[in-house]
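Structures given as structure tokens follow.
Each of the next two complexes has chain A plus one more chain, namely chain B in the first and chain C in the second.
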Partner chain A sequence: MAVSSRLSGDDKELVIRIDERFDFSLHQQFRDTYNSITIRDLTYTLDLSQTEYMDSSALGMILLLKDHVELYAGKLIISRPSETVRKILEIAQFQRLMTIE
Partner chain B sequence: MPKIQKLALVVDDSKLQCKLLSVLLQEENYRVVVANDGESGVEMYIKHQPDLVLMDINMPVMNGFEATRRIKKLSGVNTLAPLIFITSMDSEEAFIKSVEAGGDSILVRPFTPKVFKAKIKAMQRISDLVDQVKNLQQQQQNDAELAEKMMSGVIEARNFALDKIGVIKKAATIFSGDIQLTALCPNGDIHVLLGDFTGHGLRASIGAIPVTETFRAMTKKGFSILEIVVELNRQMFTLLPGDLFFAASFACISEHDKSAYIFNAGLPDGYLFNDSANIKKRFTSTHPPLGILPKLLPDAQLDVVQVKEKDRLVFITDGIVEARNQAGDLFGFARFEKSAKDGITQKNLVNSVLKSLDDFCQNSEQEDDISLVEVPCSGWQEIKLSKNVTIPEGFIEDDYYLGTTTNSSPSWSYHLYLTGPLLKTINPIPLIMNQINDLEGAGEHWQSLYTILTELFINGLDHGVLKLDSSLKDSAEGFSQYFNERANRLSQLAENTLNEKEDHIRIALKYFPLLHGGKMVINIKDSGQGFDILEVMKNNSIARHDGLKLSGRGVELVNQLCDTLEYQEHGTLVTASYIWKN
Partner chain C sequence: MSHMKNTMYLSCVLSLLIWVNYFFIHQEIIFVLLFSVLFILLVVLTSQISKFISSSIEPKNGDTMSVVDNELIHSVIFELQQFIHQEVTIVENELQRTKVIVSDAVTGISDSFKHLQSLSEDQQQMIKLLISHSSSMGDDNNSSLDSFVTDSNKTLDDFVGVIINTSKQSLETMIYTDEMVIQFDSIFKLLSQVEGLASQTNLLALNAAIEAARAGEAGRGFAVVANEVRNLSVGSTELNEDIRTEINKAKEIIAKLRNSVEIMASADMTSTLEAKDKMSVMMSHVEQVNIQTTTSVEELAIIAPQITNAVSLGVRSLQFEDLTRQSLESLQVNVSSLHEISDVLATFDKQPNIAIHQQLIKLKETCQQVYRETQQAEDSRSVKQLNMDEGEIDLF
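On to the complex of A and B.
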């Protein structure tokens, strides 16, 4: 499956992982991974290590996730983007808006 | 409303079977046409365009599989006339072959009339759904076409100097909404915008209209490019939903100032090429796209570069560098830069990039809009000096023709006194121009006045209040140093609230209506230490004499536009008068 997510046993971290292409077609799936989660102070880690390509609608989807995270006072981390994906994040200057590691 | 009667085509070599099926179909409110072999079945299909086809397998001349293949080829992907094989061949092979030939279903004899009718209904339901999807698709297509027409025909056709600007605009199959705008500032500068809305379909174009309106209106009123960016960001933040934003590059090209001001929010690098096709500078994105943050980041700043006559500025959207070939490779920056350089050498950048892109992508499907703007840094329209009245020898103010006397008092006057932090945050010139437009109506002649006011105000601010040395601007390094230092001192000005009373600029206008025109007297006083007027004048005239183009281009321009220009109080007060004729 292109989108997978796992909530840690102690309810502290939600890891969302995207495989291959992160684009508009994942819209619903991506939303479903976090939409029903209302735990406060949760760390949301978006694992992009397996993502080969990302388009601008994916950037939009990340912004929606960010809105959700802020609503529940959580923290958003973008984790290990590949070189291509990092470039796209940089052009959009997302490092100014969230943590990218 | 009576239901429109549908048409069925029955292809079977047995006349009895044809008769039987026809009766059942008629009971289901179908009209029926009949063919007795595959070949005439295909002919009947072409002639009647039926809504449903029933096909036997074993027939003379042409069998059912072949006839089906031909019919399906004719009907294409867009229309679905369901085709059902009616056969007594109850074998796995027959079933598979019928599907492979393009049949939508198979019904094996013997069957009861009830089973037959149920089958017909089920098939009809599917074809109705296909019709519905098709209609929706068509509707969406129409919407996208409308949006595109609106963008290119209505919005972009009104761009300034279309003949001078190189443009690539290739919309993808899925319309995604790139926008290219150019507009002329009151002082003859050019504003350029290349933007890319995220998202697809009509959604992506809703922002285009407000962006265009704001960009044009603010440019016309004389707002700076950064002020326009601030406003557009605010607008897009309010207007666009959370996952939609607007990546854009902006430029203000000032020909008389020989400089360009660039802001890149979320687009790939922009370029400044020189005449020998070298990249003089890249403009990297320094800010998230517009519409994400309620306000621009506090350190948002323009890139300032010195430009030469033959330089050209090039902006692209990600569609170019992310275009793919059959093998899935990206076109990328290296290929783009090479094609752009080749293009400059061949004097046609747009063609060269397009050709290189076509050669690379061959027939791969285009995924995103591809856009580029190429703007020359000179050759823009001359600032209209002709608006100036030519003053005959011995002209004095109470010239009878203009119908005024030296003692006449102004019909109105306007004063603005700006202190400390406000000098950083407020651009007074659009405010003043608005007032003038409200009082005296709009007019072409305000263009020159705008330039005079801007130049004199900037001089007072930069050299008076901020104490910047204009000779810095003479070299390329000094040029950016100058602008960095300027930004620095402006921030200090904004923070240093203690000095608030001391740092100021006073602008005063007096308006004298004349019989055939009018006269504006402008006073600008700054809190600086002034300068040695004679020394500067001397230097400037030496520089002119030697053919050197030093700083002070602004004053020179103002001098040409004004009727009188005079510095007093050690250079801290400047008085200019501007007369125009109707």
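On to the complex of A and C.
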């Protein structure tokens, strides 16, 4: 499955993991991972370590995720992006909007 | 000569006799006699000697010797005059030639220095112009390549922002569309219920028609109503089908809409990445060019006054021409002094009738006069002569 998610046992962290391609075809799956979660003060970690390609719709999806996170006063962290993906995130100036580690 | 010798011998004999008398005889009369004779002899001898000397000297300073010496002096003086005249003329000509050469050369060098300076100024102007042209794009907003690249970079960032925002909006649109599709599906469910109702109504109408037929004449009116109800149920089923068809069409359109939205949302970022990389390279390049330009301008600002200084130094050094000319002119004065002496020497030959003594005195006086004049000229010249470095003359 291109998108996988795992909620930690203490309900503190939701890890969303994306496979090689992060594009429009994943939008429904991606949305489904977080749309039903309404826990407050949750840390959303987007694991992009396996992601090699990302287009603008992925950036749009991340922004929608961010809107959702802010709605429930959570925190968004993008984890271990590859060099190419990191460049795209920097062009989009996402480092200003969220933590990239 | 023999007289003198005899007289001298006689004097000696007399002296001997006097001594003999003095030592041995002691006769006073003999002593007086001998002494008187000796005295007379000595007087005669003296007169003889003076005569001899005057006669031996006079023939040596005679007319023949005097003529030979004058001729020699004249010829020597003539040769000397010829020699001095020739040498002095050569020196004079060389002086004149040197003067002309130095003057021409200095004029040429001075012109070339002035030309060099004006060329350097032109070059400076052109470089300034070039720099101002290259740094500004020539419009009124004083925009430079630097700010152009910065603006472009900002535009690119804005563009990226627009793309991402569009993607986000498209995805939201997609979410609404999906919700709308769900709504359509529930409309289909409702339509199915409506269809069920219509078919039940149809069955009921059919049953009513059968019952009306069984009632015979009395149910005739009811049969008409049942038939109408049945028609209505058929019409309603047809309407349902129409609605389903229309909604299916709408679903097809929504599928197309999803494709459009997908295309709208999915912009490939690769070209943007490349553009961004190029922009970064461009930025650093522009920065480098700016630094180089600034450095060059600073270097030029240093070099320009150095050229001016060098040219000024060269022009100042050209004052050596003035000093050289003064030296040459004073040398010409010295040469003309030599000419004066030479002219006096020339009179020895032209006027042989004038006594050599007078001519020599005139030569001596002329020499003294020329010597004094030269001395004065030398004194005043050493006052005039300046050190070249002290002259702060700027020709420009």
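The criterion applied here is as follows: the second predicted complex is superposed on the first by the 101 of 101 C-alpha atoms of A that agree within 3 Å, B and C clash if a C-alpha of one lies under 4 Å from a C-alpha of the other, contacts with A are read in each partner's own complex, and residues count from 1 in each chain.
By definition in this document, a contact is a pair of C-beta atoms (placed from the backbone, for glycine too) under 8 Å apart; a residue touches a chain by one contact, two chains touch by 3 or more.
Values in this document were obtained by computation on a predicted structure and should not be read as measured data.
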Clash or fit: what happens to chain B and chain C when chain A is overlaid? clash
A:Arg96 contacts which: chain B (first), chain C (second), both, neither? first
Could you look at A:Met54 and tell me whether it touches chain B, chain C, both or neither (first, second, both, neither)? second
First (chain B), second (chain C), both or neither: which does A:Gln28 touch? second
Chain A residues contacting chain B in one complex and chain C in the other 24, 55-57, 59-61, 63-64, 88, 91-93
In their complex, what parts of chain B are in touch with chain A? 196, 198-200, 242-245, 247, 265-268, 285-289, 292-293, 297, 318, 368
Quick check: in the complex, which residue numbers of chain A touch chain C? 23-24, 27-28, 31, 54-57, 59-61, 63-64, 84, 87-88, 91-93
Given the complex, residues on chain C that touch chain A span 157, 160-161, 163-172, 174-175, 178, 262, 265-269, 272-273, 276
Using the touch rule from the top, collect the residues of chain A that touch chain B in their complex. 24, 55-57, 59-61, 63-64, 67, 88, 90-94, 96-97
